[in-house]
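Consider the two complexes below, in which chain A is the common component and chain B and chain C are the respective partners.
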Partner chain A sequence: MSFSVKSEVIDNTAIIAVEGSLDSSTAPKLHDEVQRIILQNPKDLVLNVEKLNFMASAGLRVIIFAKQKLGSAAKLFLVKPQDQVVETLRMTGLLFSVTIVDQYPE
Partner chain B sequence: MAEFDTRIDFYPTHEFKGIKYRRGHVLPFGATMVPNGVNFSIYSSAATSCTLVLFEKNAEQPFAEIPFPKEFMIGNVYSMIVFDLDYETLEYGYRMDGPFKPKTWHRFDKSKILSDPYAKAIGGRDTWLAPPNWDKLYPFRSRLVFEDFDWEEDKPLETPIEDLIIYEMHVRSFTMHSTSGVKFKGTFTGIKEKIPYLLDLGINCIELMPIYEFDEYEHSKKDPETGELLLNYWGYSTLNFFAPKSGYAASGKFGMQVDELKTLIKELHKNRIEVILDVVFNHTAEGDHRGPTISFKGIDNKTYYMLTPEGYYYNFSGTGNTLNCNHPIVRNMVLDCLRYWASEYHIDGFRFDLATILGRSQEGSPLSNPPLLESLAYDPVLAKCKLIAEAWDAGGLYQVGSFPCYGRWAEWNGKYRDTVRKFLKGDEGIVGDLSQRIQGSPDIYRSRGATAGINFITCHDGFTLYDMVAYNQKHNEANGENNLDGNNDNYSWNCGWEGETNDDYVNTLRHKQIKNALAILMVSQGVPMILMGDEMGRTKYGNNNTYCHDNELNWLNWELKEMNADLFNFAKHIINFRRNHPIFRNKDHFSNTDYMNTGFSDISFHGTKSWQADWSSSSRVFSFMLDGGHAKNGNSCDDIIYVALNMYWESIFIEIPRLPEGKYWHVSVNTDMPSPFDFHSLSDESRIEDQLHFIAGPRSVIILIGK
Partner chain C sequence: MDTITEFRKFSASLDSLEPIREFLAVSAQKVGLDKSRTYKLCLAVDEIATNIINYGYLNSGIADGIIDVNVISDYEKLTVILEDTATPFNPLETKLPADDELELPLEKRAIGGLGIMIAKENVDDFKYNYENGKNKNIFCVVLSQGKMQAC
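Let's look at the complex of A and B:
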């Protein structure tokens, strides 16, 4: 499945839509996008992952990277993650570092 | 990225069939991610050439084989950087060419693809019981791992060893049973889900049976009678010393076992629970001359193994081969490995399986000053790690009390186990020996202090605590070895009936004996270790060597916690009791004097008459009093505690010492009483009427507190 990243900033909130499979071949694209958008000091970061069907270690690392770059004041939302993504976050202890929602704004 | 661009070693110099590479860095050994590529480094003292073999994940055939050019070799080390590799999907190995002449100790075979001894993960059997294919070109495949885990503030806990209460467990067995109630059964994540249970029980350290990558199918066979598959279930046979077992990770199928294990450790540390690994450096999974060539055998046979003059394998481990631990190369690998686990995984300590092998010379004789044990003891990275030896091996070397310690090493105290078991079953002539064991075995650890000994009554080898009071004989038929395997000296007593029974008298006595055992363990100086499930009466139906069973013989049945609630409640209380009374956790031995001028010596011995212990051979009663003014060797304060152990089959009338004015004896534990009167919760102990006498029921433990 093809991979795509699209981002926008609305009202001080960064929204990135990710589609496809997030592994070591695609993670650098998301990584660059996160790095670029965080320069705008968003209040929150929203990852729309409804169409993200797989996340490997490299993808996990982008989430950690985003979390660390955002700082403790900002929240990291995941919108409608698929089961595999949630399970991966749970097994690797990241589930409580992100806020999972069905839509944003909640 | 600008800084990358300024270094020329970020760019390839060579190309081979479309793969770009250049000269690599000799150190570190293994495969390391570097900018734009991967640095590979491996050594062999006798190979004539080496080829790097690269695979896509799970692919049958390699996508590239790159011979190391001669100019890439420094000393005996081959290194190269290969560019544009996918870290997540790459699997790699080596071919080594050289002589195959067992008589000169060489077994090179370039038809084999060899796994890197320094690989940080192994692919190929990503999930537990994934069916093996013995004909595969490369079954155990070296992989790369990300080493950038987000530890936040975590670091090893460095709990003083005397304050530990160790819980020995097997990763899969702990939560595999259908009653465990966890989502990811039998995995690292499963343990994480059970942290609230561990906290409730009160232990503060788990010791994990081997988690280095192993092959559960090694020596697997069908039981001729039942047809059941018997496995290398416990995992005491290592494939690779740096890689965690993928089949123990729920996320192993995604290659995330490293992250999952680190997440577990971080979470345990958050809850103040330490993690000790049971490590097996005495042998590998390659077996003897008939065994497979997986890694070491084909890379540098004569360096990694102890070999006979004829080129066969010495077998001090009882499993086919013996790792040549005091060869400088192997010694460094062991050191690199433990440093890696201590720094990358924040491991708090290591328990070394059959550790006396680590003190044998390359010819197998015991060394008086073994360099490996010394290196580990003085290593700066391992400086705060607990180092614990199983101080015996299958070659007959028994070193409990004499294991070379360098002021650092502790030992599994096998004498503690045997003495306490004999005393519990009512053997004569044990009281003198027992008095040493409950004091932290000063007779064998004179200069090493009480913390040199890990006290245990049960461990994975041998009966569970319940089976110790339910079976006189081992019942190992299910292991498919005609009941010949497993230890015959169990010092156990079945309380009147062999195995399960509906007899109330027998079952009550068994529960009492379990409580007696747990109580003795928790009031002894030294470091206590309990076996997973003993707190709830776990049984293996008399099987004392369940190394091969992936079934309910090993899986912990969590319903036992409710069925044997009296045992669980008692275990929880007695653990809590120890943790709340520093007098049980002295670092140095008692001196039998009143060096704090409290009026009582730190420890005193008693019998049916106070101040008169009965050391005679027919004695089965032993009491001791600890003076709280000498807690933590006089650095802490505690109550006065009196413990009476009556392993006689009748009640006895005991005279107890007179307390100073204003203090009174209170009962904390009386195992002769039925639950819930067998203990009183902390600070709610009941004051006894007769302050000078007490009746100790048959085969019971009494603990009194003077306050």
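Let's look at the complex of A and C:
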């Protein structure tokens, strides 16, 4: 399974599309992309994870990192996460800190 | 439904994580484990394998470490055993995030212990022991409903 991240900034919102499996081998790529895009001072961050089929704690750590860098006023949207990904977020308490949507803009 | 006994060696490299999950998924399918519980098993094993690669072998100064993956089933349960020869490390002795810590906003959270918590919570039983110079991380998933004591 290939892994890819693609990002763009539209109207002050950073949008990153993540595809494939997010584990310790691939999470650094997303981490770097988040770090790079945050330099543009986006107001909110949108992770399109519709095609993300696996996420381990390495992926959770990138979400925590992103949220910490963005600051508490920013929103972190997850677009269409798969059920198993939502379950992992729930189990680790991260579900409180993200906004799950079916599409963005809502 | 068959019972299985499968074994494969993987190099202790992050590039092995996906092949390990694929190996487990194929094995789990043979014993009829559903998709959701297969995902959870793969997630649990992935977290511990990651620790072995990133910390176990690295801290031991072993560059060409091996992770042995054993998958064994009977009609009641599926057991996965990861074996490695890195420094003894018992994940069950790691301090896990407390419940109140899990409710903290992300900006205030410490990052750590999540992987081991995920590993424990995604299988029916998780055990660790060290014998014959090997760490053994043992994951068990119940195959037949109502047989929770099988693990």
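In the analysis below, the second predicted complex is superposed on the first by the 106 of 106 C-alpha atoms of A that agree within 3 Å, B and C clash if a C-alpha of one lies under 4 Å from a C-alpha of the other, contacts with A are read in each partner's own complex, and residues count from 1 in each chain.
Convention: a residue touches a chain if its C-beta (ideal position, glycine included) is under 8 Å from a C-beta of that chain, and two chains touch if they have at least 3 such contacts.
Not measured: the values here are computed from a predicted model.
Student: State whether A:72 touches chain B only (first), chain C only (second), both chains, or neither.
Tutor: A:72: touches chain C, not chain B.
Student: Applying the touch criterion given at the start, work out whether A:21 contacts chain B, chain C, both or neither, answering first, second, both or neither.
Tutor: second
Student: Which partner does A:104 contact after superposing on A: first (chain B), second (chain C), both, neither?
Tutor: neither
Student: Quick check for you: in the superposed arrangement, does A:92 touch first (chain B), second (chain C), both or neither?
Tutor: The answer is both, since A:92 touches chain B and chain C.
Student: Touch check for A:60: first (chain B), second (chain C), both, or neither?
Tutor: Once the two structures are laid over each other on A, A:60 reaches both partners.
Student: Counting touched residues of chain A, say whether chain B or chain C comes out ahead.
Tutor: For chain A, the partner with the higher number of touched residues is C.
Student: Across the two complexes, what residues of chain A are contacted by chain B and by chain C?
Tutor: Common to the two interfaces on chain A: residues 23-25, 56-58, 60-61, 64, 68, 88, 91-93.
Student: For chain A, which residues are in contact with chain C within the complex?
Tutor: It comes out as residues 1, 21, 23-25, 54, 56-58, 60-61, 63-65, 67-68, 71-72, 83-84, 88, 91-94, 96-97.
Student: Where on chain C is chain A touching in the complex?
Tutor: Listed in rising order, the residues of chain C that touch chain A are 14-15, 17-18, 21, 36, 39-40, 42-43, 46-47, 50, 53-54, 97, 101-107, 109, 111, 114-115, 117-118, 121-122.
Student: Under the touch definition given earlier, write down the residues of chain B that touch chain A in their complex.
Tutor: Interface residues on the chain B side: 86-89, 146, 148, 150, 184, 189, 192, 249-251, 254-256, 259-260, 263, 266-267.
Student: Which residues of chain A touch chain B in their complex?
Tutor: 23-25, 56-58, 60-61, 64, 68, 87-88, 90-93
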